[in-house]
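Quick one: the structure is below, questions incoming.
Naming follows writing order (A, B, C and D), and every chain is counted from residue 1.
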Amino acid sequence: LSTRSEDGPGGPRTVVVVGGEIDVYTAPKLREQLIDLVSSGQYHLVVDMEGVEFLDSTGLGVLVGGLKRVRAHEGSLRLVCTQERILKIFRITGLTKVFPIHTSVEEAVAASD
Amino acid sequence: LSTRSEDGPGGPRTVVVVGGEIDVYTAPKLREQLIDLVSSGQYHLVVDMEGVEFLDSTGLGVLVGGLKRVRAHEGSLRLVCTQERILKIFRITGLTKVFPIHTSVEEAVAASD
Amino acid sequence: MAVVELLLSPLPAHVRTARLVAVAAARRAGLDDELVDELRLAVGEACSRAVGLHGRHAPDSPVRLTVADDPNGLTLSVGDVGPAAGPVPDDAGEGLLAGPDVGGGLDELADPDVALAVLHGLVDELTVRSEPGGTVITMRWPLGTGAVGARATIVAQR
Amino acid sequence: MAVVELLLSPLPAHVRTARLVAVAAARRAGLDDELVDELRLAVGEACSRAVGLHGRHAPDSPVRLTVADDPNGLTLSVGDVGPAAGPVPDDAGEGLLAGPDVGGGLDELADPDVALAVLHGLVDELTVRSEPGGTVITMRWPLGTGAVGARATIVAQR
């Protein structure tokens, strides 16, 4: 998991690169990291999921938790994901309607509401 | 598993390239293949184990069975193996005294008793 | 019929073991890659759900996963000792959004109803049977014509 | 204590499942790579042996593998329902060489005494307990100072 800052037309964006398996075992770590980011005032997040090999509903729960936290500060949480396997679970759960999902980090950083 | 013929100073040698995991699940296949080779008159075998990822006593049993079969025809069975993990089980079982073990196929093909 | 039964003390790490065992069985049975992905996720959801429930209600009881394969398909079942499964929300995402607020505790991490909703969306042959002692989730994947053909060939060779 | 229990119908393929589960537990517990290799082989030997014995004596009874980890080590045990384990040959290779002649049947493929001899040569902490109902092979690997140190650090952080 790594974090970097990029400047977009809407202001600075924090790009969070997530990898590996995000499940009931690793989700608590990701949750803490998202909480830390928001606590340190980073309210516009781009979560790059291209390196994610597995994601279950526990991982989704953590992303939804992050979304709620940034929204409480008028922030945003955008996802970058082109993997069909991963997108499938967003569709099943209806979360494609909740998260803006982009095909590249550039696109996500350039986006604004 | 592939088989090829090479000419050595002691005559033609059949090089058998073995890979993957040789255990109770795959050993029966290897056993059949060695039986087929001996049945078709190939009594001088060089078994190249460099691609073997796992070997257990069931696999050893098959190699010993092959050795007995070629010996019944005044043949030979030489092994090629430099992997410490694999050599360890030959040492534990005392089979380093039974099998000639070589560091390359060339060396094994060139060897004669 | 080849059967593997796995009893897991209810820890998150063991959900990975469950996925590993189920995926190995599925690959060996010749399930298509796409269905293997589906099965991996389904087993993960069912076991995360059970591990979460046991953690709260029965930390000393193991979660039980059974993998049975017959020539026509692969049957997996996951048993827990938690309270009866609730009705399935139409939209699992709603469950997550309706969940504990910002700052909510660990529950955010393993909502048993969301897991169930994902299973309903994911698995065609799914049975959820709640009994007084707990819930058993049973899932079945048929083995395709390709696999059946291969078996027929082996039989013919004998 | 984290415990995984695996009940396997006695098939060669299931020995692979047993290795997979044991290796995953060992990696998670932080066992050194070299010891993981040792454990993989040891679990394979113990389970191949049990699967072979069940195949002959109890095809309907499952082979049982238990993996338990505590802060100091990893304990694996494999239980079978076969006849009592014989004396261990000094030299496992002799067992193989003394085995069925050329053309000998399936026994060549899984000699329970050779498996036992390999285990004795391989595993430092090994117990083989034969009872009227079968044999239980128990193996233990200590978790090194590194792992213990890491745990101590976590405790200190709390």
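To be clear about the criterion, a residue touches a chain if its C-beta (ideal position, glycine included) is under 8 Å from a C-beta of that chain, and two chains touch if they have at least 3 such contacts.
Because the structure is predicted, anything quoted here is derived from the model rather than measured.
Graph distance from chain A to chain C, where chains that touch are one step apart, equals 1.
Steps from chain B to chain D, minimised over paths through touching chains, total 1.
Taking each chain's centre as the average of its CA atoms, chain B and chain C sit 43 Å apart. Rounded to a whole number, the gap between the C-alpha centres of chain A and chain B is 53 angstrom. Work out the mean CA point of chain C and of chain D, and you get 27 Å between them. Among all residues of chain A, none touch two or more other chains.
Under the contact definition stated at the top, the residues of chain D that touch 2 or more other chains are 13, 16. Here the touching chains pair up as A-C, B-D, C-D. Chain C meets chain A in the complex at residues 12-13, 15-16, 19, 37, 40-41, 44-45, 48, 51-52, 91-94, 96-97, 99, 101-102, 104, 106, 108-111, 114-115, 117-118, 121-122.
Chain D makes touch with chain C in their complex at residues 1-9, 11, 13-14, 16-17, 20-21, 24-25, 28, 62.
Only residues 21, 23-25, 27-28, 31, 54, 56-58, 60-62, 64-65, 68-69, 72, 85, 89, 92-95, 97-98 of chain A touch chain C when the two sit together in their complex.
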